[in-house]
Amino acid sequence: MSPFATFCLRMGDNALILGQRTGEWCGHAPVLEEDIAFANMGLDLIGQTQLWYGMVSDELGKSPDDLAFFRGEREFLNTLLVEQPNTDFAHALMRQYLFDAWHLPMLDGLTGSTNADVAALAEKSVKEVRYHIDRSRDLIVRLGDGSPESHDRMQAALDWLWPFTADLLARDAADDTLVAEGMIPAAAPVQQAFDWETAETFARATLTAPDGPRRTGGRTGNHSEHMGYLLAVMQSVPRAHPGAHW
Amino acid sequence: MSPFATFCLRMGDNALILGQRTGEWCGHAPVLEEDIAFANMGLDLIGQTQLWYGMVSDELGKSPDDLAFFRGEREFLNTLLVEQPNTDFAHALMRQYLFDAWHLPMLDGLTGSTNADVAALAEKSVKEVRYHIDRSRDLIVRLGDGSPESHDRMQAALDWLWPFTADLLARDAADDTLVAEGMIPAAAPVQQAFDWETAETFARATLTAPDGPRRTGGRTGNHSEHMGYLLAVMQSVPRAHPGAHW
Amino acid sequence: SDQDKAFQDKIDRNVRIEPRDWMPEGYRKTLIRQISQHAHSEIVGQLPEGNWITRAPSLQRKAILLAKVQDEAGHGLYLYCAAETLGVSRDELTEQLLSGKAKYSSIFNYPTLTWADVGMIGWLVDGAAIMNQVPLQRCSYGPYSRAMIRVCKEESFHQRQGFDIVRALVEGTEDQKAMAQDALNRWWWPAIMMFGPPDADSTHSEQSMKWGIKLNSNDELRQKFVDQTVPQAEWLGLTLPDPDLKWNEDRQSYDFGTPDWDEFFNVIKGNGICNRERLDARNKAWDDGAWFREGLMAHAEKTTKQNIAAE
Amino acid sequence: SDQDKAFQDKIDRNVRIEPRDWMPEGYRKTLIRQISQHAHSEIVGQLPEGNWITRAPSLQRKAILLAKVQDEAGHGLYLYCAAETLGVSRDELTEQLLSGKAKYSSIFNYPTLTWADVGMIGWLVDGAAIMNQVPLQRCSYGPYSRAMIRVCKEESFHQRQGFDIVRALVEGTEDQKAMAQDALNRWWWPAIMMFGPPDADSTHSEQSMKWGIKLNSNDELRQKFVDQTVPQAEWLGLTLPDPDLKWNEDRQSYDFGTPDWDEFFNVIKGNGICNRERLDARNKAWDDGAWFREGLMAHAEKTTKQNIAAE
């Protein structure tokens, strides 16, 4: 698979799997406004999935739906962060915020891609993601600096999820090739924007990112044990009816 | 499908789906002895599934594994009770006990079946189930008449699960045909044994079976919304590799 | 009284009643009941369809379903706002829903067992809902009427999308077609019953019609729904599960069988297939979210104090 | 001391030490650490395989896997009992596991990502475990030695079943064969490291060997494992992920590469892929089960009081 296809799958898989987790909240969020917001983010993310998959559909000889519903766990290249479960709404919010804090500078950098299609895709998506992070940052601050319980829950979610940000920010040879071609932004500015964003927000939210080991693997198809269950559910209908159109 | 095949699928599906729920506890039970007991019951139930499916494999032209892994939700004929989720360990124990309280007299009756294969199957299974109910009854009594919290949890589980016993005890034209042929026991003695068993046990456990509406449907393929997720997980590997042998 | 007479006169002249206008207590209460019941239906209505968001069989269907469930939550929100103009708070209404005191549309107490059910909910359930709601765009209470205008626009979109799901199924494999027919068999009668009991047994109807908050009788709307839906089912090649269904040349309308009203009243009483599951899910969402709502409140209080201290 | 000398003499003469016999504190402590670490490994070891019970791809494989996980819990139980004979309670040991103070085999901190992983755990992990455990059937402490005899019998059964899972995969479709190779690539080195660090870096080893509770060196067992496994992999048509692997005619043994010992020590320190998940799962099981254990205790107390009152 070309570095470009690898990159597009990583972007698309991130959007799909986070969209899937987001969609699990429909009808189960703590207030109606959050039901709406989560459905709306899910919708944006599924739309982005379709665009990214569309970019590589020809090279891979698979339709976007085939990419979503007929690949195995080891072929998915999303980061470990987005597949983490909805332990509680704090985990859902923190996962979204950490993803947004990387997603925004990444897309922002991609708007300057030498590939015009990628730049156009990023241009469209970055507007949606700006809105996502405005919401998620605001909630992190208000709940982190809220009641003792909301603080503790947000801190616990941060403790659990922070190690996975290493996977979000990781780069490999495929990325280096694309950076050299001007296709995607270099690692440093994305990392820096992520660091600034999270440092400032967690300070305001009275939360502390933990030290300690970091986790990587998702981007190379080495997932956590949650991933198999997520895919089993997500792919169940198409897998049960191979060849069907919906 | 013949009444006999319908009956065998109902028995096999009950065993499989309860075995599936039981298996979810492995490594997650409150004490090591329960990890062992749940794995052991699951093992018995999967063994019984194989026997019941084997009975109708020829008529239906499907192997036992095809029956387990390549039927859709609407084709499964297990009762609603066994598919109910593992909300907590109290639900798991109560579900097991209510099932055992029906399963034992049912199998006991089947040992007198005019069909020698069924009688032999029942003879083998009834020994396992006697052991299951000895365990589950004992725990219902000890936890019902235990601490205030254990009492409340067991009562909540009973309140949730009791309505589904209607589905367990339901009979239809297929059953009537088989009763007339002496293939399966009549409804009354099974119902009576169930009523005695549960009345006495709940009295000792200081628990009260609730009044109110009863739920049926599973035996005719009208399941609760939990069923689709259970099957999605259970069937995920064979469905992803159609035609493979394992 | 004179006030009552003047009020009825306004209604008869098609003048909209607005929140600050005087209104009879009965009108207010009936409206609160009707609007909140509708709002609750949107909220609970997220659950049967939300059940398939994670399992929608294509990316496009998943996106459409997310958008739809989002719309439903949005409708719930406008409708709660419309109810609030009558002097009842969203928290009170939520409490009534969670305690089981308030009603919501019984249709949501049926489970969604296959993907085809999502199609049926769009085609039939939203179809029936629109039939009920279109006239309410002209109802006498301004905020409700305006909410209905917005809701109807989106609902008719949902109905078309539902129909399209079913169309794709009947044009698909044998299994898919069977899935559609099976779902139709399960949803047809519940949809027919969505219009409420037969006019002869319908309580409150006469007064509500006089007040302009009910504009057509149950049986009238039900007939209209059947007449609209039968040709659609024929076009799809699906069979409606009603042996008594046939075209009546004299009436220029379809005759159809009698639903199982015992079942209807049984579901209303709380004994439907999913009543417990639906209420349980909403209560769990509310209880699990308590820390979230309290956290935001605590933050708001801190901010207010800081602002006051800074003054 | 004389006691020490007499004790060592017994061991040298292959007389089993029994719970009531005098033993040096170091011997007791080392044994408790070793036995409880083994017990914890059985307990935690339920999780990676238990992860596939609900997804085993045939009824027979599901049954076999249930039986296996049941055996593991059973081994945990005998081993806790063997540790208890040394004066430490199961509750103390559990507390040490849950707090992260006690160690368990690092192999269980790797995730099971596909069905083939279940095969690899049986073939390689149980294979390595047996290699470690077979000599311990002759260890100097009676209860441990007897527990090992029982455990080894079952483990060799498990290993054959694991091998059979892999065999079915390599005889299957291209996808299945790829799944087996992928799993082997991920599990080979962790299995190699199960024998512990190279002899040169191994602490405690010498004393344990003198006491007869460690009977072979790490490198010795590792070599034996490699020599046994290479022909099996060849028979299966799978490639071991070690470019340095080759037959050494002089040694009549396989030469092989050096594992990534940094990774090994990193996983031991708690930084493996699943360390947090495993401990979290065990803690959750324990915490969620508190009411169950307390309920049984409360019932036992009631019964005791009633019995006393009846006397």
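Order as written gives the chain letters A, B, C and D; numbering starts at 1 within each chain.
We adopt the following convention: a contact is a pair of C-beta atoms (placed from the backbone, for glycine too) under 8 Å apart; a residue touches a chain by one contact, two chains touch by 3 or more.
Since this is a predicted model, take the numbers as computed values, not measurements.
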Compared with subunit D, which chain's mean CA position is the farthest off? C
Of A-D and A-C, the pair joined by more C-beta contact pairs is A-C
Averaging only over C-alpha atoms, locate the centres of subunit C and subunit D and give their separation in whole Å. 58
What whole-Å value do you get for the distance between subunit B and subunit D if each is reduced to the mean of its CA atoms? 34
Hunt down the residues of subunit C that sit against at least two other chains at once, touch-wise. 55, 175
Two or more other chains touching the same residue: where does that happen in subunit B? 72, 228, 232-233, 236
In graph terms, with chains as vertices and touches as edges, which category applies: line, ring, star, complete, or other? other
So the touching chain pairs work out to A-B, A-C, A-D, B-C, B-D
Subunit C residues touching subunit A in their complex are 43, 46-47, 50, 53-63, 66-67, 69-70, 73-74, 76-77, 80, 115, 165, 168-169, 171-173, 175-176, 281-282, 284-286, 288-300, 302
Which residues of subunit A touch subunit D in the complex? 72-74, 160, 212-213, 215, 217, 222-225, 227-228, 232
Under the touch definition given earlier, write down the residues of subunit C that touch subunit B in their complex. 48, 51, 55, 111-114, 175, 182, 186, 266, 270-271, 273-274, 276-277
Name, in rising order, each residue of subunit B that touches subunit A in their complex. 72, 228-229, 231-233, 235-236, 239-240, 242
List of subunit B residues in touch with subunit D within their complex: 16, 19-20, 23-24, 26-36, 39-40, 42-43, 46-47, 49-50, 53, 64-65, 68-69, 88-90, 141-143, 145-147, 149-151, 153, 233-234, 236-238, 241, 243-246
